[in-house]
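First up is the structure itself, then whatever we jot down about it.
We call the chains A, B, C, D, E and F, going by the order they appear; numbering starts again at 1 in every chain.
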Amino acid sequence: MLSPNIETFLGCDADYTSADLVLFGAPFDSTTSYRPGARFGPSAMRHESFGLETYSPYQDADLTDYAIFDSGDLELCFGSSELALEAIQERAEVILSDGKLPLLMGGEHLVTLGAVRAALNHFPNLHIIHFDAHADLREDYLGVQLSHACVLHRCYDLMGDGRIHQFCIRSGDREEFQFADIHTDMHKFSFDGLEDVLQPLIAADTPVYFTIDLDCLDPSCFPGTGTPEAGGVDFPSLLHAIQQVSRTHVVAADINELAPMLDASGASTALACKVLRELMLALARNRSN
Amino acid sequence: MLSPNIETFLGCDADYTSADLVLFGAPFDSTTSYRPGARFGPSAMRHESFGLETYSPYQDADLTDYAIFDSGDLELCFGSSELALEAIQERAEVILSDGKLPLLMGGEHLVTLGAVRAALNHFPNLHIIHFDAHADLREDYLGVQLSHACVLHRCYDLMGDGRIHQFCIRSGDREEFQFADIHTDMHKFSFDGLEDVLQPLIAADTPVYFTIDLDCLDPSCFPGTGTPEAGGVDFPSLLHAIQQVSRTHVVAADINELAPMLDASGASTALACKVLRELMLALARNRSN
Amino acid sequence: MLSPNIETFLGCDADYTSADLVLFGAPFDSTTSYRPGARFGPSAMRHESFGLETYSPYQDADLTDYAIFDSGDLELCFGSSELALEAIQERAEVILSDGKLPLLMGGEHLVTLGAVRAALNHFPNLHIIHFDAHADLREDYLGVQLSHACVLHRCYDLMGDGRIHQFCIRSGDREEFQFADIHTDMHKFSFDGLEDVLQPLIAADTPVYFTIDLDCLDPSCFPGTGTPEAGGVDFPSLLHAIQQVSRTHVVAADINELAPMLDASGASTALACKVLRELMLALARNRSN
Amino acid sequence: MLSPNIETFLGCDADYTSADLVLFGAPFDSTTSYRPGARFGPSAMRHESFGLETYSPYQDADLTDYAIFDSGDLELCFGSSELALEAIQERAEVILSDGKLPLLMGGEHLVTLGAVRAALNHFPNLHIIHFDAHADLREDYLGVQLSHACVLHRCYDLMGDGRIHQFCIRSGDREEFQFADIHTDMHKFSFDGLEDVLQPLIAADTPVYFTIDLDCLDPSCFPGTGTPEAGGVDFPSLLHAIQQVSRTHVVAADINELAPMLDASGASTALACKVLRELMLALARNRSN
Amino acid sequence: MLSPNIETFLGCDADYTSADLVLFGAPFDSTTSYRPGARFGPSAMRHESFGLETYSPYQDADLTDYAIFDSGDLELCFGSSELALEAIQERAEVILSDGKLPLLMGGEHLVTLGAVRAALNHFPNLHIIHFDAHADLREDYLGVQLSHACVLHRCYDLMGDGRIHQFCIRSGDREEFQFADIHTDMHKFSFDGLEDVLQPLIAADTPVYFTIDLDCLDPSCFPGTGTPEAGGVDFPSLLHAIQQVSRTHVVAADINELAPMLDASGASTALACKVLRELMLALARNRSN
Amino acid sequence: MLSPNIETFLGCDADYTSADLVLFGAPFDSTTSYRPGARFGPSAMRHESFGLETYSPYQDADLTDYAIFDSGDLELCFGSSELALEAIQERAEVILSDGKLPLLMGGEHLVTLGAVRAALNHFPNLHIIHFDAHADLREDYLGVQLSHACVLHRCYDLMGDGRIHQFCIRSGDREEFQFADIHTDMHKFSFDGLEDVLQPLIAADTPVYFTIDLDCLDPSCFPGTGTPEAGGVDFPSLLHAIQQVSRTHVVAADINELAPMLDASGASTALACKVLRELMLALARNRSN
């Protein structure tokens, strides 16, 4: 008897019960102000992951060594950011309640807020490690507070000073950089200072939300994103930083802002798949230690 | 002394006071459920209009014979449909209050609701002539009522039975077609029946809102739209229908759903520009008679 | 508990046992001589089908009224046409043995041969109705007999004279047209003569294999195919012809040669989805009568 | 011993001496005012012609039945229209002097002027049959007289009233249409009136220069051109008109304004190849009668 | 009362009188020998600049701190390089005469010659700092002297030995490199030696024309240009070099050879906008010191 | 008298007899498992090479200084890998028998096997230097042994342990890396260790087959390939490595896996042309020493 067509991210076909990491997608980009298309990120990554291998020569590890489950995409409306965030939070809550690590594929960066809300419910002393080209610290954007351009400010509203650690930032208005000087731990342009940030978090076993806006990468290797910003980091640097952060107590994570239609060569989607593979391997290995 | 860079749609450089038709753009596509990009429609049409001539051999008329003003694009937020609709309504109100015809360039089809609200304030006995591939009659879409997929239902909520005349419709769920059987005047697939609809409107000098979703056209000539639907009308049929409708008392109009990035050949944008030229010529001539 | 990600063609989520029609994909284009890419057809159709509605205003019918099952794509190797054809034949055999209608999504046109072999095993007096721009009647192509350019010749080898009925043909070398004069029932350029062909088949309840090479359509509405041939039929003509053929005793069918990457506007994929919806509705309705 | 790589248009590999038709390309688009790219037309047609067959089911004729020679592209500078026109004229002169028919592949439409100059030297009573969306009758364009937008005016300067017959024209400024009313034989929008124009030319055996701007076609089937103009003719109409014109005494011809990069689907280039095949077959057959 | 649609480069909306820097565009690419499209550079940069912020974290400076005016694009003919150069020279003369710095957006590199002519009239002891992949030192190109491939040779004709300083050069024929050995100050591949060149210019307050062909960048970060040349510099290096050069007495500058249609991802246009922002900030700050 | 259109790679127009290097193309990608298109590599490189100069500032050498012949593309069938490999082997045999160096342009990487077979016939003690992102060491791929994913394993079958030297490898399944640990000389990620490998080969004058899969490059500079793998080497590193390898006794070489349609910017094709120019100059210079 024939089976229905199941489509998961490469190597993420454990059953839910045994899985330690749980993927889900949030195909949402309703507040994107410049060029939309991040809604297509999760399905593109899932579909194109089959151009990859499950084995990583970087970490000498294989997705088939770990139990990872892909729970598919949420069905999100367009036109109501609050409804979308609620659905994301709810899915993350389920996964966290079952003692698993939720791994969210965006979508635009606003989706992070839904998962951070859930993580804060479980881990009130949460810190955020944030890789991004953009500060995302505006108070509002054209009158709207639930916007991708404000998402870290919204997280700050929930968390307060000194718990958001930002890296690779190279774009924002002057007010955002002034806000960061006072309220967040911002590191411009690169990963300089990352190890110093991580040491106390590791020492204290502080719970960490890890959010990767892929536009932290240079557009030369990742043009497929809504707002490409020249001057970013390269792929090996990002891989290395992911392995560093994974040594902390990561309780939830996301990877966002791939807009696959904007890079017709497919190289951006292929890179995003590889980043996700490496992230899952690093997280899974650390949890199994 | 050098002047700043003014960019208007071709031949729309009258001053506002003398103008009889007033263009404005609503670069909004936040509720687009399938493929976004209609936000780029107004600026693409304005920019690419310079591949056209001001003269129409179809109507033997020239944009330079009429006073038309392009008031530019509204600056709309993404993430709040209601705020966007308010801004659209406000601009249309200003133009209507000055006794001019507002001509709105979308954006997704939801923008029509803002302009219809304004027109209803001035013309309570308004009818709508609606060209579209899609019925746009859903009660809600994934829980959201302010959605492109519901826009004619929202207009119906304000206007009631028998005042919405739909043509070229070839897509929708079964409930939408059942709704139309009772509440609207729907003509499927083509312009068949248009003249019969127009005669009483002309006879009674009924005020008409004229909304053109460009996806009424076949994707062969207009692939640059979010949801291309095979089986549409061709360009000469649309031109002819526009000239027919322009004989009624059109008080406001819009043209929407060009997503220029989806047709890299530029043919869709060029066609949209020509449709707008022909629409403006037909409306201007009728108002000057 | 969360479920894995199931991806089927729109409205094809019956369970296998109850289903009457069974979809499957053959992502193969290894012998394509000009521009490859038809391998991506089945997944693109499955993925993009969610831009469609399940309801057809053309047939006033809805996919949800029928039990249809999507069994996913075969995993085919590249580099061995014979192995690929065997896998296709095997899948079609299973479906036919269970008394269901196999509906194959190609891939290049060679995939038809696998399904025809299976259908001939069950229905030795099978006829083929073939819509295509190309005759596909070469004896071999650059020394290879299992080629998309030879596929109807290979079917002919199994079936003999007068049982292959070809429509819309407008390309081939002179020898192919001479072969057709003697051995097949070829109708050039259009569907002229279709009804005359169908009458005796309906009268005798002859089993029919129905193969639709989408390049029978004009490239204006379907540019997304390996070898676009100007001068094809339009979409309404194809819909009408599909409804005509569906009145015969169709025992298996396929739709092939969508190469989605070649039409970045997405209009070709959207059209292919609609053709498949209409084909499934017409076949399902006829079987339920 | 190995041979160098010869690349000709499909089926045009006669030797020069025996050939009756001689192809050459003029990869020039220096005066294109809107979107350039027609310079790539000749090489794209030559390269993509191998997706075609040499046999035409429309005319039941085969390129291999005739002696046609492809003499390659001229090496033209960019930045001097006069130098480019001289090179084109010179090549056409050589071919005409040898009693053969020069068949020029543009390039933008200005290239026609070079070949018309040569043809007028040999046939002072030449008429021009002109298929185009645009009148191309401007006196000058932004101060430049040697421009694609003026090319038929430049021909008129050499030939005078009543000898230029224009078809399918649907774009131009008002002055061009007024000029045409007096000085040329213009037929708007379609081929209506073509047979009436041809009869006296055939009767008098008048020498004819036949110039086909491919943008006479509707952009639905031919988006790959610098200035796509909705409302054009379809492919079967063009094929028919070409066969009609080929019954006159055609002494030189051209086909121009394919800009292949603007239609990434390749359908425009494939269509252009087929038009050229049909034009060559029709011309060759008529000359051999 | 509504205002017309003004479109300027981001943050360049001072009035002309108060402005110290004045932008203008020269949308010209008539002599481009390989792939045209640089004509679309200025409008693309102006349009896409709104994806940027006015604030630079690199220089901790903001466009809103300075008075910069965008005077729009020249309307240039295609087909006469001399007429185009005259228009460019005239605009630059006006700006220089008013004591302001003209900042030209190309277009192809030939446009530089028009602005250099104007600058030489005001500053006879001018030097040129030239960033480019190509030497642009040919005596003529296919018989044409006013060509992008010859533009620095034309400047040399006006200026003589030792006053042109070239960096990043990695393409040219052997004769150009031999010419450079004698007549210009060429630095191959990178910015090595830049500081040594600048010191005496700064010391003597020598007036400098600064011309940036964006193809000096590696195609990995800037593929959107007519002739991409592997092996270029990266974005941070270019930013640094721009800040270095801005310490000299720059009297006029240009940035050219963005061909936006060649990079559909938009990353090249976004980068060009950021380079222009950084260039304007560096020049404005230095002039205000 | 006019000549036919000869198209060769830039500067490769020696006659065969005098030539020392002989180019040929194998436009084959039938076993490509992910994204096909490498079949278009050789013609794209030949065509686009005219955007390059013959002179290299890197090596201060010029293609016109050496006798190189381009023998065009093989006409390969699709659907039979063995027939294709035979044709490749045969062409390489002819060239080797005449004492010349065959330089093969792929096509997918499987084509290498044909040329290696020929080279082994002439040089039984052959070693292979292999630059690639992928190990290509699978025993079979979905049941097929003649696959691009297995090509180095097929070479190994002919050559045995220790004679294949691999660089830049960063993708493969775990079994391939385990196989390499035992049977090949694999260097992951970069060219580290290259000089150490080359010294004994140079000392012993060992005959070398040099195969360059262009996807060894990072997708930032070379996205136009079927399976882009982030984390590759940059262009200057590749140029340097090519010059290093060329000091060995290279008896045959290839360059493969450019899929030009996947990078619409053209930067990948331009880079491939430059790599081929530099490879030819390095090989030619070494043979003439």
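We adopt the following convention: contacts are C-beta pairs under 8 Å (C-beta built on N, C-alpha and C of every residue); 3 or more make two chains touch, one makes a residue touch a chain.
Remember, predicted model here, so these are calculated numbers, not experimental data.
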Required minimum of steps from chain B to chain E, each step between chains that touch: 1
Both-way neighbours, i.e. chains that touch chain C and touch chain A: B, F
Type of chain C:chain D copy interface by residue overlap (half), same or different: different
Rotation angle superposing chain D onto its copy chain E by C-alpha atoms, nearest 5 degrees: 180
Taking each chain's C-alpha mean as its centre, the one farthest from chain A: D
Centre distance in Å when chain B and chain F are each reduced to the mean of their C-alpha atoms: 56
Rounded Å distance, chain C centre to chain F centre (Cα mean): 39
Shared interface positions of chain A, touching two or more other chains: 218, 220-221, 263-264
Listing of all chain pairs that touch each other, if any do: A-B, A-C, A-E, A-F, B-C, B-D, B-E, C-D, C-F, D-E, D-F, E-F
Residues of chain B that touch chain C when the two form their complex: 34-35, 169-174, 177, 188-189, 218-221, 223-224, 227-231, 262-264
For the chain F and chain E complex, residues of the former touching the latter: 50-55, 57-58, 62, 218, 220-221, 235-236, 239, 263-267, 270-271, 274
Touching residues on chain D, where the partner in the complex is chain F: 1-8, 13, 16-17, 22, 24, 43, 46-47, 69-73, 94-95, 264
Contact set on chain F toward chain C in their complex: 29-33, 36-37, 39, 75-81, 83, 141-144, 146-147
